[in-house]
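Notes to accompany the following structure.
So that you can tell them apart, the chains are marked A, B, C and D in the order they are listed, and the count of residues begins at 1 in each.
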Amino acid sequence: MRRATVQKMVNVIVSVIVTVIVLFPILWGLSTSLKSTDRILKVPPDVVPNPPVLDHYYSIFERGLGRYLFNTVVVSSITVLVVLLLGFMAAYALARMEFRAKRAITTGLLIIMSIPLASLLVPTFTLLANLNLLDTRTGLVLLYTTYELPLTIWLISNYIKTIPESFEHAALIDGYSRGAVMRKVTLPLAMPVVIASSLFTLTFAWNDFIVAVTMNASEGIKTLPVGIYNFLGIFSREWGPLTAAAMISIIPIVIIFVVFQRYFVSGLTGGGAKG
Amino acid sequence: MGRYYARTLATVLAATCSLGAIAQANAGTVTMWTFLNPENTSGREVALRNVIEKYEANHPGVDIVVEPQDWATMTEKFVLSHSANRAPDIIWSAQDLGLLVNSGAVTSLNPYLADWLAENDDDLLFDNAYDNATYDGELMAVPLFPYSVLVFYRKDHFAQVGLTEDDLDTWDGFAAAVKKLQDAGLPGLLLPLSEDKPSSTIATTAYMDLNDGHLLAEGCVADFATDIGVQALTLQTDMIKSGLISQEAVARTNDDAWDLFIGGRGSIVPQTSARAGALLSSSDWANEETVGIVPWPSFTTDHHGPSVGASWQVSLWSGSQNKEEASDFMAFMASEEGAKEWAVTGEQLPLRASVANLPELSGGVFALNQAASEALNETGRFPRPGCAESSTMGDWNRAAQDVLLNGISPVDALQEATDSTNRRQ
Amino acid sequence: MAEAGVATVVGTGGRRSKLFRVGEVKPYLFVLPFIGLEALFLLLPLGMSLYYSLFDIKYLIVGDFVGLQNYFEIFSNRRFLASVGVTMTFSLFSLFFTFIVGFALALWLVKDNGHSVFMRAIILVPYVISMLVGSLLLKWVLSQDAGLTDLLLGPLGIPSLSILGDPSTAMAAIVYNGVWRDSAFAMMLLMAGLKSIPLHIYQAAKVDGASKLYTFWRITLPLMRMPILITLVRLLLYFVNSLTFQLVLTGGGPAGATTNIVLHMYRSAFEDSLLGLGNAMSFVLFLFNLAIIAVIIILFRVSGRTPK
Amino acid sequence: MGKTVEFCEVGKNFGSVSALQGLNLKIEEGEFVSFLGPSGSGKTTSLNMLAGLLSVSAGEIKIAGQRVNEVPPERRNIAMVFQNYALYPHLTIAENLAFPLRARRGMSKDEIGKRVNDAAAVLGVPDLLERYPKELSGGQQQRVALGRALIRDPGVLLLDEPLSNLDARLRIRMRRDIKKLHERLGATIVYVTHDQAEALTLSSRIAVFNLGSLQQFGTPEEIYNKPVNTFVANFLGEREMTFVEGSIEERQGRQWFTAPGVTVPVAHETPPSQAVTLGIRAETLKPVPAEGALISGEVREVEHSGADLILYVTVGVQRELVVRTEANSGFEKGDRIDLGLAQSHFHLFDTATGVALAPRV
């Protein structure tokens, strides 16, 4: 009885410490975003904004944050859909079909995942320019898809391998075509890993900065991280708008993760973790 | 099965392709890359918007399209875009003009603006900014707003301990002033010595001073590992070793130091004159009574130390299909009307003599600009055309770090800085 | 369709068959879009970068063919070699702490109760937010200028500390950044592994009277081989190729103490416009990555073979 | 109505491994045939080929006289029940039952609903329709799986060890239900199992598989009483058959099987080598008075199994026979026992080939 109480107390204390360590920089950012410009760099700093002001939030939306947000939503969601569609098909083939190149592709996945993206920026820029895809959302979607497909395929195909084949056999015998079986049986059964890998893709596409800033120029198609980066102006850093925009960019992705995190674990349990 | 496959694939392709509709350049549309976003509300950005609106009103049928860029990667992207043959008509640059010219991405403005220049020459200030933009007699860029890294200081703090700006005339006075401030419990000198986003420092200024005002010799050759190089570098490192400058300086970028100054944690900071306006608007203590701008110190009282002049300037893409329209707009940006916008609305150093004396330009930021303008006119040294100098400051900072933290001798550290700089040319 | 039926391949080697549909030869159609995309946007640029690494590139314009000269230059450059050391130091320390912290968190939060779900969500926050934003905020906290370190360490009698101004503490700061962000990732992967160990094995161990520690060493760890391998490989790849931490938090300084290969490459290519050199470095980095994976996998094979 | 199923010289290779060789089998309309054998014997491979889940490496499979080697499973008009039921966990019972019906276009929603309700009523699961599979007991899941297979009146119904995940009693009850269903529907059923009791009670004919080839195909009675070789003989029956190797001797005008401690009269065709193996099931022998005894021995162990008593009897030197007798026969450990023949004859096999020797008439 007493031991349980002690254990509980320790648990609470550890939880609080971890929470503080983990969230401190972010809460600091939140606090900064609510301070008026002339108080942000005040010394000593106010821990709690006094008084809190929403000016920076208004100003970033006036300065086109809505459009950045829209672009990010469009690019990330389409990336997720394309990655899932192509990734699921390939993963299914690797898990359930036999063909000559299979081994090579499976090995290739691992090698591809070890190519440092930073090294591809310059040739990719030239390539996109030649394909007339520079400065387009399509270009970003295609690149993100390319970068996230290997991991997605790897996760999903490993997961599918853990699903008994008899479900698909049953549906085949019941009169469904391969395509229908994939959609109506395999896909719903693989939902946890589909969600988990979508979260990986979403995180990448939502937060990517380096690729977007290199490949896109136009204001109209700028994504959120690039927009945020622009607040690191050259005449001074605009901490207020910067942190406010950062907070805006954090909210949707954190909500999505909180809602879906249990799939994140179970999706990896079936497949990836077992290799 | 096959149909299902083909259909979904087609849907995906259609969905992604429809996203990519971007405005294709057509006649009458002039595209421009700049770090300013005319939709924003800062002075320079409003000024840009006003300039564009005025120009478009005078030239119906011409459409100026601005694509704001991240300034740090803008030049490189422009060159890459140039080699992919889809660059904008006008590109802004500051210290990277050499890259633009050497890569052939921008073209001479002589065919378009020679007459305009002749007409306006008398009114234009900062001749050496034009010299800096002229390669083999060809004008490659039109300077818009010049600036220089000068010394910002707190008049109020100086007054408290009985210092005046004259104390900053020599390096000895400079060091003594910092010591005096520190002893009085006031914040001292903020010096950014990170390799990231480097700018002029004590060492580079002292070196230029001892080296006839130039960082590089003719032909863009660096030779820092000399007695004067060591003298300049040691001047700076000694100030850190003796505690006049915090060791954190080696981790500070220009922005970090500036943030601290805004936050009231410094009494002296080297900074680009272009930030004077931002200082007044984002701190609760700064005004013309509390802030001063002075030139750099030197080793003797007979002259001030040199400051590295630079200017944001606009160049014309060599592959532009609208060279006439684009160059006409470039000239307009530097016209009296444009210059007035930059100076008054944009709060930049005045570009033309006719604008410099406008009654609007008094008090507040304009007072600071006035001081900066004088300092720049007196001490400004623009880099030799075609020399890539901006990263050289970073090489010097690295040399200082190596001496302080890695125990490398000043000569060796400077030799590395020399090699790095020369490799880049 | 019909004539293809007999030719259809089924399970080679193993007795277990693959799902098969008579009269179908379409696996290649399933993987074709994937292969196409990877070939076009990944392998082709990689090839281009290899190709460009053999040229002298100035002002981003391709110049003379110089053969392997760029590679010779890299390996005779003291700063590049130093960046290799930095990469290894940073990666190994980050890997070690991230793995330990991630494993501890995974063990702590593996049970699906309200508390765990809540804590997991919190721990995930640094992972899901933009690295750029995360590192900026962390810099704001860690720099001496913010005054927070003095505030915390002052009462302990520790004199004002310039964390980012000293090579070793700057390295620690950047490792901290890595651990702060990626522990959540390690936690998730390892937690998934923990959950895939059947409960009855633990029950059996309990009945057999095994202590918690013994159970962990003798049951949990051996059964977690694969998840651990995967976590290690993925984390190591992240750390070896990280750019944002260095770029934003320390700028590679002080005195190059946190300049890793990627940052060195990035600077050479984009700031010094020495693309030939940059491409050569990126190719070396790619080989470095492959070597790391190979080493880890071999280590695991070897350790797997040794009798317990 | 049920359809005929034919295997003609069917073989299956997985790479270089041969899983099935030269299978010839004809199943009549409406017949209930079990494929019986240990795991790895080729029975499931045969079933999967019939279902279209595996390609055919050699030979021909015909359903209703038509070659189906190249026909995809969905067009074979077959249904299948899987060992693990393969109920889709993400669908309700009603949706699971409707799943095969929705595969064909043209069936109206009302018609599907009606059939689902009918099937649920027949299977005794009407109140479970809105539940999910994991909320059902094993037996209920089994019924739903059956229902899903039967709902579209397949010409051939394939059952792959459908009862192996159920407990013993439920298994026996389901056995009866399946038999009743078969009688009512008249579909041709192929039933794969390794449980001989299921095969014996359900089937009209049994195909016994071992090591990738068909051993014997016949009625339960034939399979049990006239096994063609030692494998079939041993595989059938509640307990393992006791094999005694010995030789045939002609004595006193009669044939005798002799081995150390065991000498019994037989009447079979004999191989030239005279080396034969005697097969004794537990029910082959019974206790008899000492004077009519063929074999005598000592009870070493007694095992109660409900209605019966199982005796382990040592005869000769360390040879053990198993004898089943009535529970009230009162034997105890250490008793001497005399044994006589309970059935008409012994099973006798050629020791060299394992092939059964035909009794002399």
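Just so we're on the same page, contacts are C-beta pairs under 8 Å (C-beta built on N, C-alpha and C of every residue); 3 or more make two chains touch, one makes a residue touch a chain.
None of the values given here were measured: they were computed from a predicted structure.
Peer 1: Once the contact rule is applied, which chains count as partners of both subunit C and subunit D?
Peer 2: Shared contacts of subunit C and subunit D: A.
Peer 1: Would you identify the chain whose Cα-based centre sits farthest away from the centre of subunit D?
Peer 2: B
Peer 1: Between subunit A and subunit D, what is the gap in Å from one C-alpha centre to the other?
Peer 2: Their C-alpha centroids are separated by 55 Å.
Peer 1: How many angstrom lie between the centres of subunit B and subunit D, each centre taken as the mean Cα position?
Peer 2: Roughly 89 Å, centre to centre.
Peer 1: What whole-number Å value describes the gap between the mean CA coordinates of subunit B and subunit C?
Peer 2: The separation of the two C-alpha centroids amounts to 37 Å.
Peer 1: Starting from the mean Cα coordinates of subunit A and subunit C, work out the distance between those two points in Å.
Peer 2: About 16 Å separates the centre of subunit A from that of subunit C.
Peer 1: Tell me, which residues of subunit A touch at least two other chains?
Peer 2: In subunit A, 43, 86, 122, 126, 142, 169, 172, 177-178, 229 touch at least two other chains.
Peer 1: Quick one: which residues in subunit B touch 2 or more of the other chains?
Peer 2: In subunit B, 1, 5, 73, 80, 83, 259-260, 263, 265 touch at least two other chains.
Peer 1: Going through subunit D residue by residue, note those that touch at least 2 other chains and give them in order.
Peer 2: 52-53, 72-73
Peer 1: Using the touch definition up top, name the residues of subunit B that touch subunit C in the complex.
Peer 2: Touch residues, subunit B against subunit C: 1-2, 5, 9, 73, 76, 79-80, 83, 99, 102-104, 194-197, 246-253, 256, 259-260, 263, 265, 388, 391, 398, 401-402, 404-406, 416, 420, 423-424.
Peer 1: Can you check the complex and tell me which residues of subunit A touch subunit D?
Peer 2: Residue list for subunit A touching subunit D: 164, 166-167, 169-177, 180, 184-185, 188-189, 191.
Peer 1: Using the touch definition from the top, list the residues of subunit C that touch subunit B in their complex.
Peer 2: For this pair, the touching residues of subunit C are 24, 26, 29, 33, 58-61, 78-79, 143-145, 162, 164-167, 170, 247, 250-257, 270-274.
Peer 1: What does subunit A use to touch subunit B in their complex?
Peer 2: Touch residues, subunit A against subunit B: 37-43, 59, 62-64, 74-75, 78, 81-82, 85-86, 122, 125-126, 129-130, 132-139, 141-142, 177-179, 213-214, 217-221, 226, 229-230, 232-237, 239.
Peer 1: Any idea which subunit C residues touch subunit A in the complex?
Peer 2: Where subunit C meets subunit A, its residues are 9-12, 18-19, 21, 24, 26-28, 30-31, 33-35, 37-38, 40-46, 48-49, 52, 105, 108, 112, 115, 117, 119-134, 136-138, 140-141, 146-147, 151, 180, 188-189, 191-193, 195-196, 226-227, 229-230, 237, 240-241, 243-244, 262, 265-266, 269, 275, 278-279, 281-283, 285-286, 289-290, 292-293.
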